[in-house]
Structures are given as structure tokens and as C-alpha cells.
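The next part holds the structures, each set out as C-alpha cells.
Next, two complexes with subunit A in common: one pairs it with subunit B, the other with subunit C.
Showing the complex of A and B:
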């Protein structure tokens, strides 16, 4: 077991040092190095204690941790998105958005749809939609040519869109992050693979996106008043309306894309692997759009693929060297601390990926979801299957949104670049809303409504729409109040920074309490323990929000 | 049906908040934002397993 503690320490230390930029290497490289070091140490220790045969099985145990389904689904999804882009599908989408502005939705409603569009399409990586549409959003501003929006409006539009995009890979049915958790929940819930985690994630992302917009408008602009170099709207000038155009093949490929999504999600032709559906659709789009191979390959983004594989490798090395057993023991010991208990430990655990935001959420998700699974009836027995599903919903939305605020080449940096702000501008908005709103929202949605649709045979669960509505109203109200209060305090400098940390702590406590209430029911002790765990997590998250922004070189 | 209802209500709430955050503050603009949110909520609910 000492071996497990050693490899676990190496893994955690490497992740934190990378995050703090004490190790200036791509996170995938760090993970591969961690894997090799852990395997080498494991080989030495096992060689002495168990003999040469134990050394030979180590690589096998490590490779066994790589789950191919999400990797191939992600590749197929990226291939399809590349085909769509190459054949003018995104151009056709821009035309549709322009037409939408003339509908009863008007400009305001169109922007609401546009901001939430990544979630509706739910592609396997938010970077696909962000790369395609961020330039379009920028065009609504003064520098972009349309001169429709002020600087403040453009910051909110781009920041909220990026928030939505960099959470949309979670509920994706085509290689989404949530599928990792759904695979484990399938051990008990027979239909979990149909998407048991999708609705809780989508619901909390929809509300969380709006709260992010509010935070950006009311707080971020006051915290960092001189950090945005966007030009404001030129008053009095005639708006230059650029009418987008798209080839006919673009519309056709958009129709095929939507049809492929529907077939992948609803499976009207029976059980067909999602990869098959996506590849057939991509080939059809290629034939219709006559897309070139270069344009197609440009659509395949390797970062999320390599991140997921590197994460699986590190997870495999930890598993082979008893690292997860050690982590389970540490968390088990935390659960025995009276002020924390299981509820407090879980309140920290579900926030762990926002506390350690890496460039792709799949890295830690692949490593830590197996640990969360062990808390259930399969190993430690801290949680029943239903409770595990509730905690998994909270964990996955927290995890899947964590690439947004990551300073290690995270997705949010694409938005910051387009907003012409320094790196770190969006971090407070992104971490606050995930910690305080999205995580507890996913838990209550799973508990009071979604579990009913995925109950195991012989289980009779009933929805409680009143409790769901009450919790949602309470969570949103507490968040609005906290944002309002923090907005009054927000200003550049140390003192306002420290006072607004109070807003993070209060809402973090509340989020931990809601998680405990939705997991363990109306019991005072777990609720208080959850609140204390939430407070500790919030303390870490609050102090990671930069006090002031300075230009800094990208780490890689 | 309950899932559709929650997404519709959540969508309207989200849409109004986004519209207000983007300085669309007249009643007409906030209603448009709410309509946009309703569209998002209903569309999303149709795509989810419920």
C-alpha cells in the first residue's frame, strides 16, 4: 500500500505543479512522464516483493485502464464536425442565425439561442463550435464590422457562449465526458448508457450559462476595468450589416448532421454503435460537399483525444500500482473526520476538477470517476446506487466545465482571446457559477426527476417536481443575491478582493449543503458536514481567482 | 412531460437573465430573451432521453 501512496503523491504533485506553472510542459507530456515514473517505481517494488512475473503484468494492467469507446466516439465526432465545416455547414448555420434575428425572437432572443447553441448540438469537444462561431460573435462588435453591440455586450456574449461551449462536451451523446460516468453507472442502471447524466448536465449548464453572463456583467468588468482592449460601439455610425452566404452543399450537410445526431441519440434503427452513425454521416457529407482531405483533417482537434488517452494511461498506472486504493483510503479517512464525514468529503470531491482545472476535463475524469465508483456499493459502501448517481451528476458537470477556467491551454482562453482580455479574466465567473450553481443544480435534477427515468428493474421511484422547483429557485436566488452583494464590493485592489472571497465561501457552503441534502435527505449532521466540505473547496477556488491580470506567455 | 416542463421554465429564466446581462432591458427585449430561452429549453428537452 505504501507504493500506492508514493505513486498517488507523484500524480497529485505533478498536476498541482503543472497548474501552478512550476512545470512548464504540456499536461499530456507530464501525464505520460508520471505514467512512466509510476510504472518504474511499481516495477522495482513489485520485483522485490512479488518477483519478476509481477513486473511483466504491470504494462498490461496499465493498458487495461484505457477505455476505447469514448476515444473512438470522440474521434468520430471530430471527423463529422470537420466534414461539416469543410462542406460549408457552419456557413449555412450563420445564414440561419441571420434569418432568426428577423423572427419574433428579435436580436435578444437570437443571442440567447446563439449562446446556448453549443449545448443544443452537444459536440464531443466545445472547441469545435467555439472555433467555428467565436469569429462570428466578434463580428457583432465594432472591430468586427457589424457595430451592433457595445464592448460590455460583446464581453458578455462571448464569455457566456464560451461558458456554454466548454461545458457542452459533458452531455454530448457522441463521445461526451459524461459517458465515462454513464459507463460505471451502467453496472446498476441498465439504461444508463442511453444518457443518464445528460439531462442533469444540460439543465445546470443552461442556468449556469445565464449566471455566468450576470457575473461577467456585474463583477468581472469592475474587477478588471482596464483589461479589455475591445473598441466600444461607434455611436451615430451606420451599422454595416454583413449578410452571410452559404453553398447549397452546406445546407445539405447541416441536414445530414442533424439527422445523424437524431439517429445517434434516439436510435430509431435499433442499437447501432454511435461511431458507425457518425462515420456514415461524415462520408455522406464529404461526398455531397466534395470536401478535401486537408480541410477534413483540420477539423480533428488532437488535444482532447491525447488528453483523454494520457489521462487513461495515468489512471491505468495508478491502478496498477495501487494508487486508487491509496486515494480511496485517504478519502475514507477524511470521511471519518467528524466535521467532514462522508457528506463533507463528497462536497470536496465533486469540486476537485474546478480546484485543479486542466486543459481537458477528460484527464482527471478518466482517473477519478473510478474512485467515485468505489464509494458506491461496489467497494466502500458509502453510497447506495441512487446516491452514487446523484453525486456522479454533480461531479460530472463540475468536471466537464473545468477546461473553461484552466490556464493550461484551457478552452476558455479561446474566448478570452476573442474578447481581447488578459488571461484569467473569465476565471472568477466560470469557477463561481460552476461551484455555487451548476454542481448543486445537477444533483437536485438527478435526485428529484431524472432517476425516475432510469430506475433499475424492480425499483419504483417517483419524481418530486415541487422539491426540484424549490431547490432550483433557492439555488438561483442565493446566487443572484451573492452576485449582487459581490458586485457592490467588487473593485480593483486587495481589500475588495478579500471581501468578495466571502461571497465564494457562503455560496460554496450552500452548494455543499444542497449536495448533502439531495444525497442523504433531510438530516442535519450530513447537511452541516456538506456545508463544511463546501466551505473548504470554496476557499481553494476563491483564492485561485486572480487579483489582477497581467500579460503572461502561454506555457506551451 | 415533466422534463420538458422543467427545461421550458429553466430556459425562460435563463433567457431573461442573459438578455438582461446583455443590456437588453425593455419589456419587449426581455420577452424576446425569454422566448429565445424557451426555444432552447424545449429543443434541448426534445433531444434528451426523458
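Showing the complex of A and C:
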């Protein structure tokens, strides 16, 4: 077991040091090195204690950690996006957006649809939609030429869109991060793979997006007033009239894309792996759009793919060297601390990826979902299957959104680039809304609505919907209140920053409590323990938000 | 320093790399062999058409010859098979007495792969049938093998009584026994080596599972090539580290070129191996290096731009040398390159 503690320490230390930029290497490289080091240490220890035969099993155990399905599904999704891009599908989408603007929805309604569009399409990586549509959003501002939005409106629009995009990989049925959790829950809920985690994630992401917009508008802009280099419309400046155009092949490819999503999600032709559907659709699109095979490759975004494989490898190495057993023991010990208990430990655990935000959530998800699974009836028995599903929903939404605020090249940096703001601008908004709103919302949604569909069809649905509505109103109200209070004091400097920390702590406590209530029911002790766990998590998260942002280097 | 990189880059183009990988796949993946070969043929045909459209006639003749040869081979093999099937139709159930006494080996398709049998014929009857090699379930032939002893014919109707075991295994057994006897019946037609090679290459299990597996292999091959490509070009390997985060775009004084985020688009083009586009984009880089300071993995726009430009320039030089060489061959004159 000492071996497990050693490899676990190496893994966690490497991740934290990378996050703090003490190790200045791409996170995948770090993970591969950690894997090799863990295997080497494992080989030495096992060689002495169990003999040479034990060493030979280590590489196989490491490779056994790699789950191929989400990797290939993700790649297939990226191919499809590449084909769509090459054949003018995104241009066609822009035309549709322009038409929507002139409909009764108007500009505001169109923006709301646009902001939530990544979640509506739910592609396996938010970067696909972000890369395609962020330039379109930028065009709505003064520098983009359309002059429809002011500088601050553009920040809110881009920030909210990016928030939505960098959580949309969670509910994606085509290689989404949530599928890792659904796979594990499938060992009890027979239909879990049909999307047991999808609705809780989508629901909380939708509300979280709105709260993020509010946080950016009311707090971030005041905390970092000098960070943004965007400019507003100048006097006498003439607006550019942009009339988007798209080739016919673009519309056709858009239709194929939608059809492929429908086939992949609803499986009208029986069980067909998502990869097959996506590859066939991608080939059909490149044939229609007369694009080359290179169009498929152009869609590849290497980070999530390599991150996932590297994460699986590291997880495999940890499993081979008893690292997960050690982690389970540590968390088990935490659960025995009276003020924390199981509820408090879980309140920290579900926030762990927001506490250590890496460039792709899949890295830690691949490693930690098996640990969470062990808390259930399969090993430690801390949770029943239903409770495990509730905690899994909370954990997964927290995990999938963690690439947004990551300073290690996380998806949110794409938004920051378009906003022309310094890195770290969106961190407060993104971490706050995930911690305080989205995580507890996913838990209550799973508890009161989704489990009724997946586990207990006989339960009183009306009463559950009432309870869910009550919790949602309460969570949103607390968040609105906290944002309002923080906004009143928000300004550059130390004092407002500590006020913000206070807001984080209060809402973090509340989030931990809601998680405990969703998991363990109306019991005072677990609720208090959950609140304390939430407080500890919030403390770390709040202090990771930058006090001030470094100004850009002076122009050359 | 002379390296192999330019040679590999010039000769081992993406199309050729994919063709090699698909070819290897065709040989290694029996169930997908036909589809892989089909893909290979389409790939070659597309390559030929593109090459022809660009005015090149270098490979078009060769590709056309290969296509015609493949077609002729397919027709020939199918004619051979038709002869064998016609013979069997007229002689079923195939009498063991037609074959000389002795042990005869034949092969047929099993449920999980090919199966091979030895049929021992004595006095015009089947004395025993032994399975030499098969991948089917161990119980698939338990009852049927003893029941075949002493029979005078290979009777598919009789074998059909055992299909409750596994239809494909039993049908395969019958085919293997017929194959064993056909080989030694002096007037029976049989598939020659060329036809066997053709059927080896075109045999497939065209089920849904095969197509799904091929889709996944297709994804893996493309992804492999995508990551392999940049490493062939000096200085462009760093593009593999790009997170697509656009942090570089935020600090770049240029920010956009033709609607694409700059300098990130340079890195993406470097990954794809579009050196011409990269050289074009490199002209927009002002070399301030702010992107390198901001990039979470330390990728440098100016470094990618200069590496891309050098690769492009080297490629242009090689192309020029090649053209001059062709010109020299045509005219017999010494060119600037020859004169040094």
C-alpha cells in the first residue's frame, strides 16, 4: 500500500505543480512522464516484493486503463466538424442566425439561442463550436465591424457563450465526458448509457450560463477594468453591413450534420456505434462539399484527444500501482473526520476538478470516476446506487466545465482571446457559477427528476417536480443575492477581493449543504458536514481567482 | 546536415501514407479485407484523377493499368469459381468413390475463421474426418464428425441436420470436405493459385460489426497520420502541443488574417502540413514574440513562421531542381544547376 501512496503523491503533486506553472510542460507530457515514473517505481517495488512476473503485468494494466470508445467518438465528432467547416456548413449556420435576428426573436432572442447553441448541439468538445462561432460573435462588436454591441455587451456575450461551450462536452452523447460516468453507472442502471447524466448537466449548464453572464457583467468588469483592449464605437464610425452567404453544399452538410446527430442520439436504425454514424456523415459531407480528406483532419483538436489518452494512461498506471486504493483510503479517512463525514468529503470531491482545473476535464475524470464509483456499493459502500448517481451528476458537471477556467490552455482562453482580455479574466465568473450553482443544480435535478425516470418509475412525479422547482428557485436566488452583494463592493484592490472571497465561501457552503441534502435526505448532521466540506473547497477555489491581472506586454 | 526528412516528406505524401496503412490493414484484418481494398482502390483512383486534372500524366497510366488488371483478375477468378460451382451442382452429393483412397486435405470458411479438415477415404467411403485447424466453438463438431464415418457421399442435406450446433460451422465443414475431395478428383475443375489469391483478398464478412470496426480503424489511421505529419518537417513538431486556446490571438498585434485567428492559424496549418499556406501566413507575422510569452506551452509564432517558410523554400528549391532536371533530360542542355 505504501507504493500506492507514493504514486498517488507523485500524480497529485505533478498536477498541482503544472497548474501553478512550476512545471512548465504541456499537461499531456507531464501525465506521460508521471505514468512512466509510476510504472518504474512500481516495477522496482513489485520486483522486490512479488517477483519478476509481477513487473510484466504492469504495462498491460496501464494499457488496460485506456477506454477506446470516448477517444474514437471524440475524434469522429471532430472529423464531422472539420467536414462541416470545409463544406461551408458553419457559413450556412451564420445565414440562419442572420435570418433569426430578423424574426420575432430579435437580436436579444437570437443571442440567447446562440449562447446556448453549443449545449443544443452537444458536440464532444466545446472547442469545435467555439472555434467556429467565436469570430462571428466578435463581429458583432465595434472592431468586428457590425457595431451591434458595446464593449461590455460583447464581453458578456462571448463569456457566456464560452461558458456554455466549455461545458457542452459533458452532456454530449457522441463521446462526451459524461459518458465515462454513464458507463460506470451502467453497472446498476441498465439504461444509464441512454443518457442518465445528460439532462442534469444540460439543465444546470443552461442556468449556469445565465449566471455567468451576470457575474461577468456585474463583477468581473469592475474588478479588472483595465484588462480589456477592445474598443467601443468611435464617433462618426460607419457600421459595416455584413450579409453572410453560404454555398448550397453548406446547407446540405448542415442537414446531414443534424441528421447524423439525430441518428447518433435516438438510434432509429437500431444500435449503431456513434463512430460509424459520424464517419459516414463526415464522408457524405466531404463528398457533397467536394472537400478532401484533409478537411476531416482540419477538424481535429488534438488537446482533448491526447489529454484523454494521457489521462487514461496515468489512471491505468495508478491502478497498476495501487494508487486508487491509496486515494480511496485517504478519502475514507477524510470521511471519518467528524466535522466532514462522508457528506463533507463528497462536497470536496465533487469540486475537485474546479479546484485543479486542467486544460481538458477528461484527464482527471478518467482517473477519478473510478474512485467515485468505489464509494458506491461496488467497494466502500458509502453510498447506495441512487446516491452515487446524484453525486456522479454533481461531479461530472463540475468536471466537464473545469476546462473553462483552466490557465493551462483551457477552453476559456479561447473566449479571453476573443474578448481581448488578460488570461484569468473569466476565472472568477466561471468557477463561482460552477461551484455555487451548477454543481448543486445537477445534484437536485438527478435526485428529483432523472432518477424517477431511470430508477424508480413509481415515485410521485408531481411532488418531485415541486421539490426540484423549490430547490432551483432557492439556489438561483442565493446566487443572485451573492452576486448582487459582491457587485456592490466590486472594484480593483484588496478589500473588494476579500469581499468576493466571502461570497465564494458563503455560496460554497450552501452548495455543499444542497449536495448533502440531495444525497442523504433531510438530515441535519450530513447537511452540516456537507456545508463544511463545501466551505473548504470554496476556500481553495476563491483564492485561485486572480486579485488583479497582469497587463499585456508593451507593444513592440 | 543532410537528412532524410525532405525525401520522406516529398515521397511519403499523405495519400501514399494512407494507402500503405490501408494496404497493411487489408492484409491484417480478414473481415475487412474487401472494404480496405475497395478504399485503397478509391484512394488510388482519386489520386490519379487529381494528378490528371493537374496536368500530370506520370502515374495515370500505371493506375489505369492496375485498375484494369484488378478487374481482369476479378472476372477470371469468378469464372473459375463458377466452373467449380457448376460441377458441384451436377455432382452433389459428392461421392467419395470419385476420389482415390487416401487422406485428403481441404479448407472452408468456419464461423470464426477458416477451418481445415483431413478426409480419409477408403474403398470409396469416408472412413473418418479430422479437424486439423479451426477457430469455432469446441463443441461445434462433437456429434457430426462421428456421424460422417462410413458415409459414401458428402451430403449437405445430411449435414443440415446438425445446424442446431452452428449453421456457419457446419456449412463450412461441408465446404471443406468438398474442397478436399475436389482437389483429387481428376476431372473436377478447381481454383488455381491466382484465383485463390483473388478470393483471399476479396473475401469478407460484410456485416455491421465489420463496418463499425473499419470506421474506428479509419479514425485511428487518420489521427495517426495527423500527428505523424508535423514531425516529418523540421521545426514544425511544436505545433502538436497547441491547445487551440487562442491566448496567442489575444496578445498578437495582427489578431486576424482572412478571418482566421492569427497566429494560431499558422500553428494549425503547420499541423496539417499545408506549408504553402503557412509560408503565405508567415508574411503577416511581425515577430514580436508576445504569443510565445503568453502561450501556455511556449509555442512561438515567429518560430513556426520561420520554420514553415524554410520548409516551403526548401521544397520550392527541390521542385525547381526537379523541373530543371526534366528540362535538361528533354533538351540535353546543361542548366544553371548543372553549372553550379
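Here are a few things to note about the model shown:
Operating definition for what follows: the second predicted complex is superposed on the first by the 537 of 556 C-alpha atoms of A that agree within 3 Å, B and C clash if a C-alpha of one lies under 4 Å from a C-alpha of the other, contacts with A are read in each partner's own complex, and residues count from 1 in each chain.
The definition used in the following text is that a residue touches a chain if its C-beta (ideal position, glycine included) is under 8 Å from a C-beta of that chain, and two chains touch if they have at least 3 such contacts.
Since this is a predicted model, take the numbers as computed values, not measurements.
When both complexes are overlaid on chain A, the residue A:207 reaches subunit B alone and has no touch with subunit C. In the superposition on chain A, A:50 makes contact with neither subunit B nor subunit C. Shared contact residues of subunit A, touching subunit B in one structure and subunit C in the other, are absent. Considering their complex, residues 24-26, 68, 72, 75-76, 79, 127, 131, 134-135, 272-273, 275-276, 279-280, 293-294, 296-298, 300-303, 305, 359, 407-411, 413-414, 416-423, 552-553, 555-556 of subunit A touch subunit C.
Within the complex formed with subunit A, the subunit C residues making contact are 14, 18, 208, 211-212, 215-216, 218-220, 222-223, 225-227, 240-251, 253, 256, 259, 261, 268, 271-272, 274, 286, 288, 290, 293-298. Against subunit B, the residues of subunit A that register as touching in their complex are 104-113, 115-116, 119-120, 122, 149-150, 152-153, 156-157, 160, 171, 191, 194-195, 198-199, 202-203, 206-207, 209-211, 213-214, 216-218, 261-262, 265, 445, 449-450, 453, 463, 465, 468-469, 472, 476. The touching residues of subunit B, when paired with subunit A in their complex, are 2-3, 5-7, 10-11, 13-15, 17-24, 28-30, 32-37, 39-41, 43-44, 47-50.
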